[in-house]
Structures are given as C-alpha cells and as structure tokens.
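Next come two complexes, and both contain chain A; in the first it sits with chain B, in the second with chain C.
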Partner chain A sequence: MKKKKMTAKARKEAVTGLLFITPTIIGLLILNYYPIFETVYQSLCRTGDFGIGNTFIGLENFVRLFQDKEVFRTLWNSVKYAALSLPLTIAISLVLAVLLNRKMHMRGLYRTIFFLPMVCAPAAVAMVWKWMFNQDYGLLNHIFHAKINWVTDPKIALIAIVIVGVWSSIGNNMILLLGGLQDIPRDYYEAASVDGSSGVHCFLHITIPLLSPMLFFIIQTGIMGALQLFDLPFMIMDESSRAWPSVKTITYLFYEYAFVKSERGYGAAIIMFLICIISILTYLLQKSEAKWVHYD
Partner chain B sequence: MIKRAMAILLASTMAVSMAACGSSSSGSDAGAGSSNGGDKTISVAIWDPNQLDGLQQIADEWGAESGYTVDFTVPGWDGYWTMLEAGVSGGEMPDVFWMHSNNAEKYMGSGVLMNLDSYIENDDSVDLNNYFEGITDLYTHDGSVYALPKDHDTIAVVYNKAIFDKYGIAYPTDDWTWEEFAATAQEISDKGKDDGVYGTYCNTGSNQDTWYNIIYSYGGEVITEDKTASGYDEPATIEAMKFVAEKILPACPSPDSMASTGGDTMFLSGLVGMICQGSWTVNNFYTADNADDFGWVMMPYADVNGNGQCEKEERCSIYNGLGWSVYSQTDEADACWSLISYLTNKESQIKQSELGVTMAGYIGCSEPFAEAFGDMDVSAFVNIEEQGTLIFRPYSKSTAIWEDDASKALVDVWSAPETMEETLHQIADKMNTTLAAEK
Partner chain C sequence: MGWRAKQRLTSGTIHLFLILGSLVMITPFAWMVLTAFKSRSESISVNPFYIFPGNGWHFENFIEVWNSYNFLILYKNTLIMIFLRVLCACLTATLAGYAFGRLKFPFKKFFFALILVQMMVPGQIFIIPQYLIVSKLHMMNTQFALLLPGAVTAFGTYLCKQGYQSLPVSLEEAAELDGASITQRFLFIMLPLTRSSLVSLGIFTALFAYKDLMWPMIVCPKTQCTTLTAALSRLQGQFTSNYPQLMAGAVMAVIPMLILYLIFQKQFVEGIATSGGKL
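Right, the complex of A and B next:
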C-alpha cells in the first residue's frame, strides 16, 4: 500500500500532538523504561556498592534463585493472597455495584461511602488497620470480646491482610463496574422481563456477559496488583512476628535483598522472575479472552 | 507497586539532585565573591532532628570564626540514606555528613569519604587516642581514617516508679544483677497480671539495647575479636541466651504481643515496668507527659564468678558512635576539615553533652550529659563508663546480613524457649558461612 503524504496541516497537528505527549514520554523513558533495562542488566551481575563495580556473572543469580526455597515460599504467599483476595473483591464489588445501580434513596451517599477507602493513602489505611488488629489493645478484639491474634497467628495472618486488601480495593472496582453496568441498554432487561425472565436469570445471562470486558480488565489488573503486594504486610506486620514467614511476599523478598542486604543483583533476579510469572499469566488470560469476553 | 516505588525513588533522586544543583550553584556564586568572604556555605546532612538545635549552635560558633555559613539538612533516617545513595550516583553530595556503623564499610570502601590521614598528621590539636577506640576503629579502613568520632551512646534501664509503687516493689539500684532484674520483672508480671502490666520487654530485635548486653556481661560474645567467626555457639553466650529464654522472657508480654506493639510504646503507656534503652532515646522519655514517673539505673551485672560483687567486666553496655565525615569530592576540603575538627574538639564535645545533644565521642567529656535533662537524672549512661565495660556494637562487613538472620532465627525460639541452644548453633553455622563469604 502506498503511504499517504501528510498535508502541511496534518503535519503541524502531529507535531503539536507530539509536543503534548513529550513530557509523558520523557517521564516514561526515564522513570519506567530505563529502570526496566537496568534491572535486567543488574539481574545478570554481582552488584557493587552505589552501582559502581558491577561484575557480569551471567545467569548465576537465576541458578541460585531456582534453588532458593524462600523464593518459592514467598511466591506461594503472593499467589495465595491473589487467589483469596481477587474473587472476594470482585464478588463484593459486583454485588455492591448492582445494588447501587438501582434508583434508591441516598444512592450518592452510599457510593461515596464505599469509594472512600480509595481516597485514603495506603500507608495510612495500613496503620489504622494495624491498630484495629492489635491483639491486646485493638478495636476488633475489644468489640468482639475476643482474643484473636489477627496478625501474629500464622494461620490467620494472611486472611487479615486479605481483609484489608479487599476492603481497600472494593471502592475502585465498584466504580469501574458501575460504569460498565450503566453502559448496558435498559432494552435488554425490558425484553427479558417481557419474556418472563427472573432477576437472577437476567443477572447471569445479560449483566455478566455484557459486563465481561470490564470484569476482564479488573481481573487482569487485579492479578498484577495482588502479585505485587508489598505495602500492607510491610506496614501492618512486624518481622519479629512468628506469622511473618506465612505472609512475607515475593516483592518483600526483593526489597530485602535489594535494599536491606544490598544484594541488588539477586534482588533484580527475583523481580525478573516475578515479571516472567506475571507475563505468563497475562498471556494465558489474553488467550482466554476470546472464550468468555463479549464486546457487544 | 514496584513501579510506583521506583517512580518515587527516581523522582526524589531527581528532586534531590536538582536541589543539590541549586545549592552547588549558589556555592559557586559565593565562591566568586570569596574575596569578601562571609557568605560561603558548607552543607551538612544529619538524620536526627532532636540534635539539630544543639549542633547548629556549635557549628555557628565555628562559622563566626571562619566566616562560613553552615547549612544543615535533616531528611530523617530513611531519607538520609536515600539522599546519600542518590548523591553518590548523581555526584551531588552534602560537604559534611554523619556516618553510621551500618553503612560505614560500604562508604569507606567506595571512595565516597575523604581520607583524613594527612589532615590528622598535620593538625597537632587532633589526637585520635582521645576518642573511644571502638569508634575510631569503626571509621578506619585499610589503616586510613575516614571520619572523626562525633559521639557515643550507651544503654541503661528506665523504670516506671508508678508501677513499682503500685505493687509495693522497691526501686532498682545500680547495684543489681541480671538475676535480680529478672526476679523484679517477674514480680511485676505476677502482681500486675490482672491489670495487663508486665515486668519488662525483650523482643528478638532488641539486640543492641537488651540481649547483646546480657551476652557480654556473661562473658560471651556475638562475633570473635578478629571478626572471623561467630560467638553464638560459645558456652558463655549460650548460657546468657538461655538465661534470656528462661528468666527474662517469662516476665515479658507474649511474643505475639511484642510483635504487635513496640517496647517503648508499651512502657510509655504504663504497661511495662522497666526496659533497657539507649541514650539516644532519652528525649522520648524526657518529653513524655508523665516524665516524673521515670527513673534510670545502670545496666545490671552478671555475677559470673559468684563473689557477690560487680567486677568491671561483669557489667556491660553496648556502645556505638557516629562519625563526622567529609565528601571526597568537596570543593571546600580544608574548611570541611576545620569544621569537623572543631565539632569534635574537647570544648565542642563538652558543649554537645551540656546541651543534651548526645554524649561525647571524646573520652571524659560526657559528664555534663547526666545533668542535661533537668530533674531527670540520666547519670546511669555516663557512670557505666567507669563502673562497667563498654563493648562496641558487634559488627563486620556483612553485619546487615547476619544480624538479620539471627533475629529471624530467634523468632521461633521466642515461642519455644527450650530450643534456644539448638538454634544458637544453627545461627552460628549460618553466620560463619556469611563471614567466610566476606573475603
């Protein structure tokens, strides 16, 4: 095909457009792409202090990684977190979105209430929950007159983290789903009700399929986010807790090597490993898209 | 998250380097006008805001003599190291800054700090023998000195008189053993059971302020003197740590409680009777609402030889000290040296104690610190210098790794004290591997 030549006006427009996105492009290049390549390079090095004196050691870090039980233990913790939190988040925010999509009294207020956790700084959220979970002086145990070791019992600590994670991400997902719901034309429901469909039937056969693009987006970003969990356990728990090994995530392991033990190279290898896993999951998800996501 | 963290890190790097650019250009402006003097600036970075006022005062005295302005930046502990790390890579650094045992090896080994040897040789007023040996050793690398000792810190026990009064227990005195410490703590825990009050607090991470001191009082060690082997499997160390497991821990809140709430928080809330604390924390207690309730006593001793008296080596406090260092690429090397040698001379070191900034790095200049906090007597920190032994905080090149490993391994022991000895052997093995890899 022959390339069309740009008219002067079109060229001018393109240049203006480029000018507008230049700050973002520069930001992306410096803040995202350069670090990505640097990380790849560092994962192949035994790093020196201050990035001076890196020695190239090939795949040695990765050989070590595959023999390191802690990598797989922490990865498993991250996977468990994702597997627990994602379905809960989606289910709850879907129900809330459907409920808040009806005409109802004080709808705006409810939407605001559920969205509010999104406005809070994650670190502040974590600190507040940390004190609510405190086994001796915490609000939760006080209200329930219980003596539950929320974040120090290895059996339930991860669940406590999941609770906070779900609580803080419901609002955002609810808004996204609400947007999706409002795009569904009323006619479908009217037609279905004329045909005698029940509410549940409508939900399963009209709402879900037509919401699937939005659900797909939420699942995809949700998996990425959950596997990169770092801030909640870091802020809520103490390393001297016996429950810590059952919650420690792979991104924390990366942090520990890169910033505490100053082994940047090995840290970079760990994070490359995580990127590969996330990429594979994303690829599989994209493959499955055609089977269940309807864009019409 | 990582992306965001990287973005923030890089953004702050950029901000810092921009800020540094700004300051350097103003520096060169000042340099251009150096003929009239007076407005040249030395930038100094520290991390502890509690010390700013006192240090600024001393630095201003130097400034009045030398004609320089001393400009302090206080980014806080985490921000401080991020700033230096970025500064080294980006080339813009404060002229003068603090060094700490956690990072000294790394900074000395990579040429970031100015070698002070020639200055020390040519300056008769500076004699390193006047300073605490552990601190000068710490800042010596391959025989060269990279920082002058700024201060030293020791450990003492702070107790809550209100709790002792409530349960009718006599206040502790300087003449007490670790056995008595444990018995007192146990008595408080027993009597305070219904109130949720505990005798003392010792977490797995309370090494520098608590269990390291016990190890050395019992004659044990964490690392051998030549820093080539772990001391965790030595009989005396094992005995000391078994004492911690069997006598101290039962008088503490449960391990789960300690993992959720910090010792100083519990103490300040009146839930713990006494805790071991470093001299750098005094201000926390001095500024508390119920500061009148707090008293300080010297660290207990371990009556190892059983003669009922305290031998000097039976009473130990871990000590540590910061150093004043100079950036190797600074344009004002002579002025920087003049500043740090002023900050560490005898008069300034005494003044630093008087102002309650910290105790001195210069031996024998810490006396005034004891009276620096009004009615609160903190002489326990100073007295142990004479009546006990100061042990420099155990370190080697890879402290960050083996200290972290040890704390982690002890987490399980805290819930199952009977496994202490076995775990100590494992800690020692792992630490020996780490130490062997240093070479």
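Right, the complex of A and C next:
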C-alpha cells in the first residue's frame, strides 16, 4: 500500500517535470537543434538563383572555401582583432579592478562610468566613434593635433576598431574581475606582508593564481566573442572605403554570402568553417587549463 | 614622510588615474550629445572653444531625424520585442529551471545535455535556418520574426536551475507535509525566492535583444518594422556626413537604456555579470 503511494507521487513528479521542460525543449529543438543539421546540410548545397532551391553538391563549397583568399583574409582580420583587443582589455580591466578593490571615495561612481558602454547598442557606439575618428573634424585628431586617417588608412583601420572594442568591454571585464578579487581572503595578503613580500610579488603569486579561473573564463568567452565580431566594423567603415578589406571580419563575410548575395550554401560553409576553428581553439584552451588555472 | 601622508599620496595617484580613465569613457558620450545640438556648419568648424554649440542649441536635428525615421514606431517595435522576449524567456526558463533543479523525471540527464550543448555552440549557426523558418511562414517584417530566436533560452534555463538548486530542500519538505502540491510549492514558495535570478535573466534578455543588429536587419528590412539598432544602420546610409543629425539619432537610440541603467544600476551590473562575456 505504502509503496504504491510512493510511485503515484513519483509519477506525478515525473509528469510535472516533463510538462515544465516541454516548452523549452520543443523551442530548442525547433530553433536550435534542427538549425544545426539544416546548416550542415545547406553547407553541402548550392543555392539556386534568387535564393530559391538547393542542389546537393557534396563538399564543393568547402573546396571553394579553401581556395578562397577572401575567407582567409577575413579570418585573419578576425584573429588579429582578437589577438589585439583581448590582451589589452584584460590588462586594463585588471588594473582597474585592482585599483577599485578597496574602500574609497567615489568607488560606485567610477564603476558606473566604466560600465556605461555595456548598456549602449554597439551600433550607436560605432556611430559616435566614427565621428570621433573623422579625419578633418573628428575630436581625436583635434585633441592630438594630428591628421590620422583612422578609418580610411588600411594600416590603421583595424587599430581604430580595436580601440572601440576595448573601450566597450573593459567595464564588463572589470566587474567580473572585481567579483573574483573580492573572493580572495584578506589574510593571504596579510600573511605575505608579514613575510616581507612586495606588492608586485603579492600580485604575481597571490592575486593572479587565485584569479585564474575568472581570467580563464574571460579569455574563453572573449575569444569566442572577438571571432564573431560583426557590428563594429560594419557600422564604422564604409564598404566603399579602401580600408574595408583590412577590417572585414569572417562573420561579416558569412552575413554577406548568406543574406546579401543569396548564396546560403556557401555562407553556411563559411560559418561551419569558423565554428570548427572556434572549437579547436576552445579545445586547446581547455587543455591548457590544467597548466595555469588553479581551483581551490 | 609619515605613513599617513604616504597613504594619502597613493590614494591621490589612484584617483587621478581613475578620473583620467573616466574622462576617456565619458568623452564619446559628451561629444555625441554636444554634436547633436550643433548646426551642420558648426560641427565641421574646428575650433577648440566651440565645444558647446555656439549659436544656440539646435533641437531641429532631433525633430528632423524623429520625423524622417518615425522614431515613435521604432521605440514601439523595440519595446514590444523586448517585452515579448523577456516574458517568453522568463516564463519558459523558470519552469524548466525548476524542473531541472528540483524534480526527478525520466531522461533528465539527456534533456539537460541539450541545454548545455546549445550554450556552447556559437549562435551564428542557427541564423540561416531561423531565417528560412520566418520566410517560409511569410512572417518577414513582423513582431513574430523579431521574437522568434529569443522565445526560449538555454542559458536562462541554466541560470534558473542554479537559482532553484541553491535553495534549501527543507523549505519544500515542510510545505509538502502541509499537503501542498508540486505546482503550489513551485508557484508560492520557490518562484518568489528566485526573483533575483529572474531579474538578472530579464535584464540580460532585454539588453541582448536591444543590442542585436544582425537578426533585425535580416528579418525586418523595412524601416517601419525594425528595431532602433537596425534603424541606425539605415540612418547612417541616409545622413552620411550630417553628423549632428546622426548623433541626434544615436542619442535617441541610447537614451532609454541609459536612463534605465542609471535607475537600476545594481540589477544591471548583476544581470550582465552573470552572463559573463555573452553580450
């Protein structure tokens, strides 16, 4: 009798559980899992004229992709963006977090200010910076009494994008690192100062190791985000500009083929290629984790 | 030099550094607002003393951009999209989060793996098929299209599950002894206690929807059907070098979120910090 009651209760729990997850699971299947297979299939197809119809062509898109110089140039642009912006962002936000990790006046105000770009649409941020970068009337050249072609010189344009990217994301990383710093017990530093350790020594041997899980998280999400960069170059540069080829990202190339040129098949192949690269990087990063990330 | 004096010196240096940094952060915003009130000829006259609009504040920039782009409709579209996405995401995620965090049911591990895997896959892989779904349903340029990719959320489910798991088991056991059903326990005891995860999820969802550029550009190419962010890219095409008007558009696009942020700072910071680098 008692056992039967238990199973009735367990059954009710099981039914409720399944009912509760149904909307989410159905949504994920339609909006995410079916699309994964569809994208893989599309990458093996040639899209017909005006984006109508698919012809299965096997790996032809990938053969074309590996001979397409533009794919590798745009990928290289994305990689360069990641390689320049990520270390800068982390270094600056780490310094800010360390400075703000103490009782001080105006602490909340500083935090509010550095965090401001996070609540602005990148499209609007990009427009403002485009104006700041203007060669003749822009504020930057005005302040520095320079005549730099920020957005039209192919050698400098990527640096301009990196500046905007770093400016936009230091606030967010600062908050994450500040959270990490606050979890480090005070007595570690007190013990070190009794032993006569210097500030730099403490930073390298206490702060960095104890902060490494958070740093790892930031690096991982940062690489993924940077390689998927789309809106900043798109909004800051003109496609007619001679600097455009040196800032065009691989995600933009995907967008262009899939939605502007109506070559969905090739666009799908490009995004599959990018995802493979992101996966390889993530795998390598995870493997390196054991070497430098310390968990308690 | 005494210990106190030394302390004061370091603290002064730190403030100096932070104030300089703050200036770098604020300058673009200030320049945006100031330019938006200038006349066109003034915006391209380079004179350091003309930081502020010299010959009166030109509100007509705002009026002209407002009228030619019908910002009222853009605000409405953006607001409805954000509202629907937040509603759907919070509703589905809190139900699923409770089930994953608290209930026993068959294939739980498998279903949860579906959640985790989705979180690891870069979002662009979903876009082409999602676009095809919208286009096959003849739903281009509709609110439905804007809502669709945000209707459910794996990340939100994960967030809510963490929230439910952190609550003590004894709470529910006590209610169960009093004869409360699962649904009652969920609605009246557990759900109110995970309010903070829901607020975080809501803010994250709202910001993500507001900032997204690619999706509205793809499914809502018509200016009167699209969002603020996507309209900005159009604006830039039309007013190419009329910077005061471009800045007026940018100001109108960022102001609502900025005001919300200044009011609900704590919640915003927590909401974004829980999402990590996903924004």
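As a convention for this text, the second predicted complex is superposed on the first by the 260 of 296 C-alpha atoms of A that agree within 3 Å, B and C clash if a C-alpha of one lies under 4 Å from a C-alpha of the other, contacts with A are read in each partner's own complex, and residues count from 1 in each chain.
Just so we're on the same page, a residue touches a chain if its C-beta (ideal position, glycine included) is under 8 Å from a C-beta of that chain, and two chains touch if they have at least 3 such contacts.
What you see is a predicted model, and the numbers here were worked out from it, not measured in a lab.
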{"item": "Touching partner for A:T251 - first (chain B), second (chain C), both, neither", "value": "both"}
{"item": "Which superposed partner A:G267 touches (first chain B, second chain C, both, neither)", "value": "second"}
{"item": "Residue contacts with chain A in the superposition, chain B compared against chain C", "value": "C"}
{"item": "First, second, both or neither for A:M132, with chain B first and chain C second", "value": "second"}
{"item": "First (chain B), second (chain C), both or neither touched by A:P87", "value": "neither"}
{"item": "First (chain B), second (chain C), both or neither touched by A:P35", "value": "both"}
{"item": "Interface residues of chain A shared between complexes with chain B and chain C", "value": "30-32, 35, 134, 136-137, 225, 228, 230-231, 251, 254, 271"}
{"item": "Of all residues in chain C, those that touch chain A in their complex", "value": "11, 14-15, 17-18, 21-22, 24-29, 31-32, 35, 43-46, 48, 91-93, 95-96, 98-100, 103-106, 108, 111, 114-115, 118, 120-133, 148-149, 151-154, 157, 182-183, 207, 210-211, 213-214, 218, 228-230, 232-233, 236, 243, 246-247, 249-250, 253-254, 257-258, 260-262, 265, 268-269, 272-273, 276-279"}
{"item": "In the complex, chain B residues that touch chain A", "value": "1-3, 5-7, 10-11, 85, 88-89, 106-107, 109-110, 112, 196, 203-205, 253, 255-261, 400-401, 404, 407-408, 411-412, 414-415"}
{"item": "Residue ranges of chain A in contact with chain B within the complex", "value": "30-32, 35, 48-53, 130, 133-137, 149, 151-153, 225, 228-231, 237-244, 251, 254, 256, 260-262, 271"}
{"item": "Touching residues (chain side chain A, partner chain C) in the complex", "value": "10, 12-18, 20-21, 23-25, 27-36, 38-39, 42, 96, 99-100, 104-106, 109-125, 127-129, 131-132, 134, 136-137, 139, 142, 167, 169, 171-173, 175-176, 179, 217-218, 221-222, 224-225, 228, 230-231, 234-235, 251, 254-255, 258-259, 264, 267-268, 271-272, 274-275, 278, 282"}
